[in-house]
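A, B and C label the chains in the order they appear, each numbered from 1.
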Amino acid sequence: MASASASGPKGLAGRGIATFAVRAGAFGAFVAVIVYFILFAPGFTSPFNIFNVVEQSAILGVLAFGMAIVIIGGGSNITEGGIDLSMAANMGLCAAAYASLLQAGYSDLVSVAAVLLVGAVVGAVNALAVVGLGILPLLATLAVMNIAGGAELTLTENTVVPASSPLLAFLMTGRFLDVSVLAWFLILFSGLMAVAIHYTGVGLRLYAVGGHPEAARAAGLGVRRYVSLTYVFAGLCAAIASVLTVSRLSASTPGSNEMLLSILAAALLGTVFSRRFVPTVGGTLLSVLFIGFLSNGFQLLNVSSYWVNGVQGALILLVVAATSFARGQEA
Amino acid sequence: MKGICKAFGPVKALVDASLEVMPGTIHGLVGQNGAGKSTIIKVLAGIIAPDAGSIEIGGRPVGRLTPASVERLGIHFIHQDRLLVPTATVGEAVFLRHEIGFGAFISRRRMAAAANELLKRYFGIELPAGALIKDLTTAQQKIVQITRALAQKTAVLVLDEPTASLVKTEVDSLFAVLRRLKADGIAIIFISHYMQEIDQLCDVVTVMRNGADVGTVRPAETSIDKIIAMMIARDVGAMFPKRKAAIGAPVLDVSQLGLAGRFEDISFTIRQGEIVGITGLLGSGAKEIVNCLFGLQTADKGTIAVEGRSVHPSGPYDAVAAGLALLPEDRRAHGIALDLSVRENVSLASLGRYSSKGLIKRAEEGRQVDALIRELTIKTPGKDVLVRQLSGGNQQKVSIAKWLSCQSRIYVLDEPTVAVDIAAKVEIYGLLNRLAERGAAILMLSSDLLELTGMCDRVLVVYRGALTGEFSGARLDSDLLLAASSGASRPSEMEAA
Amino acid sequence: MMEKSLIRPDTISRLAGLAASYSVIIAFLAVVTFFSLSTPTFLTFANLYNVLVNNIVMLAIVALGMTLVVSSGGIDLSVGVAVDMASMVFVMLLAAGFAGPAGVVIGLAAALAVGVLNSILVTRLRISPFLATLGVLFIGQSTQQLSTGGGLPIYMTSGYPAEQFNLIARTSLAGIPTPVVILVLGIAAVYVALHRSVFGRYVLALGIQPGVAWYSGIRVSKHISWVYVACAFLAGITGIILSATVKSYVPLSGNAFLLDAIGATFIGTTLSRERRPSVLGTLLGVVLLAVVKNGLLLIGWNFYWQQVGVGVLVFLVLAVSFGLRRHLN
């Protein structure tokens, strides 16, 4: 921060090495854990298990991409930048709405359309609060999280709402090339996101909006529109994830807000893989899969699942401490 | 632009202001802070909608301007703040919103190549491939900003204080580029506080005062003094007021200071009542020497002694405790907190004096702050007003008041007058003289050679990490300083630095 | 803003400014009036006493700590862990036959450990407060699950531990319940520390412009560390009061305070034009949240609707305050 402008070419090289070391270190930590599982967790490497993890990661993946988009467009300053704390609650609300609509006898088409609308509306409320009213994203989405969570509870009375439909059956049991639909979904969704974010002008502009809003405005970009759309997009991601979660559990269940921390962890952990320390599709996907493999490996090793949170937390700290160290070289 | 008016609440920022710029000229725009320069530019940029007035471009009246429509008209702005996305690559920054690719898809490779092509064509330089904006120097960022404008169809180029924080050689190459663009028929609006630059570069100058244009003159026919007189409509007196400070005992003694890879064997002494300048190109080590004095970086060799007591600052707290005061270059990030009040800013470094048992004695604090506001003639509605609401010159005064309140004996100033208008500069110079007269020792890091020759008793020149010269008396001359700081006559190395 | 009106525009903007500053108080008065009119039980001593002891005291103590952290420019997502750690250690020690005071001291020490961990992560390892405390939250959850066989509560409703609990939860000083006395002491301490002391001024400067604080010779790490330690300590006190009140330790129960504490602190910032957190603002936020929850319960809304109601109310307060302020600028 202090003398970034004063450092000459040499400082540049030094910083490059530190940045590289961190990214390599983060990657190394991931690889080390995976290698440990490969060596000691029975059945970890079987294709069945791997696709199982990919399948399980689909829901978190969709949500984490939504969060990543919000962070890209709002900037990665946590207290003032972009963040959507309402995503998990929004997903819970959408899942409840979806299951309830199906139970009430509506078709898949109507139900899915309605759920996408619900997700988008919650996202739009966030956008209104953040962009229109200028409330800090952390606060605005916190309030919306409470509202969405409460709305879900009133809808379901805190019970499990079972649901079944042709779409759910397809999502649950459908296979293509011996790989399940959910796994395919994650793969395709990631591919689409990667193209949209990293190979189109829209993606580039979104990074500009988050990286330096003033500069983006000076370049003629509609900053407010971009930021608004990120929250709506996050809402849509929550809606999509809700359909996937209902398909996995054949029901909507309370407690989806517990996903929030994992979503944040995945999106933030993903930033470490970028040399610019911003969320990327690849980094986010890698973090999502890592979180998936972590709990899977523990299961296979018969380690209590209670360790998973702790290890996840410790890894976040480890990785982020290393990142801060690299950034500290600039300060 | 004709008869532009704009009021913000009760404040009339522009009153019937007009500006006419011809293609193929470099048009200077000068005026004090608050004269309406930036407001009229913001109107032209489509950021602010005028209350009245009309704008014609190429002879055709234009309606409401928006940032996007302005860009379509070929008007580009080089803002004073380096408005570039820090995490973008050079290619991305140059072509943001005008990405090169196929349809919706972009090609980073082609953008990078095209950006490099432009950089080579206009500036004759090449930036490291794949470098991020935040890794570039200030001057390089400025160049990228101009390249961004040149990448589009450009009819009018507006530069707001483009030379602040550039060193002389960089300014010269920038001017060469601007003259080439002028020859291409581009109209250039050039805003600057540096009158020599206006004199050197501009064909025509429009002077603004109190929200209106008070005259348009040709610098070739009008003296700088006359332009300044038009700007302030009163006599500022000499730019550099005389001082009668008695030079006393040594206060700061730096001996054989060294920091690996930055500077070596730096020794100098500053006495009571003395103003000593220090200068050097970017990367010369001058900045790092100042940082080490204040504990922002830690020297690995040599000693620093304050009034005979050796200090080893490992952070600003050690330096402050030893009686040093730092006025950093980046005022907004390090000098004064815009969202703290005048009172909170002034007493921040000296709360120990206004407290007992850890509790603040507010009445005593208030009295001291009021006294300093009066002493430095800080223009503020009151001591509990946020510093954000003060003008740039008054903000700088608040940051000086902070150290006066601390009763610091040694003042280290890092580019104290960057982006400060002339009247405020003169006031700050007067203030520094008063400090010196009160027996303070002042070390001033600056790249403004005129300021150094006008203000300092002695100037130290740093070149490639070594003290290569000390100039005083008759030898204190900006040409000699420039020659010494650029390594005498070795232009090839100048580029490297 | 420019439309013609009989009232002068500056009068309107002054009123809007007042509304922006006092949106919490306006909301509070509106809510109290509404509930007093809609249910006779709301404005009774018994009910208000119940709200104070059961809804306000514990949340307020946690929120005071959060106010310190937010003032310093940070956030502490791990306050729930500090609450739980104090509660867990306290209850487990009593279960093992320790004396009450020993349990309290060691329980608070456990909470302090959480604060020390946070401060090391934030100041030494330079992790952003959000991520640092998020990591500690994860680790804290695992720790509790692992030490309670997967989250089994520990109940101590009778015998020696229950008597020790009563010493805290059921005693009073001059007719004032001990927890309330503790709260008042906490308010006084945090008020003096934040608004009257050199420490508080430094914390404020660090929160607003850390670069300036550093360049002014303030020891950044030292002050930031104290902020996290103090926050965890206050959360620990809540943990002790919580387990003494319910005579048990329920794993992960501290997390319930997190969002309300953050909400109360930020609702409180709407009181000041500069959006600075303050002890008074935070307390108003806490009281507003507690009163709304209680009132909604009394008029027969179930827990689920309460959550919606509180969310909407908080949203409205923030919207009015931020929206008006933005409109004015």
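The criterion applied here is as follows: a contact is a pair of C-beta atoms (placed from the backbone, for glycine too) under 8 Å apart; a residue touches a chain by one contact, two chains touch by 3 or more.
It should be emphasised that the depicted structure is a prediction, and the values quoted were computed from it without experimental measurement.
Asks: Where centres are the averaged C-alpha coordinates, which chain has the largest centre distance to chain C?
Replies: Of all chains, B has its centre farthest from that of chain C.
Asks: Is the C-beta contact count larger for B-C or for A-C?
Replies: A-C
Asks: Provide the C-alpha centroid distance between chain B and chain C, rounded to the nearest whole angstrom.
Replies: It comes to 44 Å between the two C-alpha centres.
Asks: Could you state the distance in Å from the CA-based centre of chain A to that of chain C?
Replies: Distance between chain centres, rounded to whole Å: 28 Å.
Asks: Could you check chain C for residues that touch two or more other chains and list them?
Replies: 211
Asks: By the touch rule stated above, which residues of chain B touch at least two different other chains?
Replies: Chain B, residues with two or more chain partners: 333-334.
Asks: Quick one: which residues in chain A touch 2 or more of the other chains?
Replies: 1-2, in rising order.
Asks: Under the definition above, what is the set of chain A residues touching chain B in their complex?
Replies: My answer: residues 1-6, 8, 10, 12, 15, 195, 199-202, 204-205, 207-208, 211-212, 214-221, 275-278, 330.
Asks: Can you list the chain C residues touching chain B in their complex?
Replies: Per the touch definition, chain C meets chain B at residues 192, 196-199, 201-202, 204-205, 208-209, 211-219, 274.
Asks: Within their complex, state which residues of chain A touch chain C.
Replies: Residues of chain A touching chain C: 1-2, 78-79, 129, 132-136, 138-140, 142-151, 153-154, 157-158, 261, 264-265, 268, 304, 306-314, 316-317, 320-321, 324-325, 327-328.
Asks: Along chain C, where are the residues that touch chain A in the complex?
Replies: Result: residues 73-75, 121, 125-132, 134-143, 145-146, 150-151, 211, 259, 262-263, 266, 302-312, 314-315, 318-319, 322-323, 325-326 of chain C touch chain A.
Asks: Would you pull the chain B residues touching chain C in the complex into a rising list?
Replies: 294, 315-317, 319-321, 326, 328, 330, 333-340, 344-345, 347-349, 351-352, 355, 358-360, 386, 402
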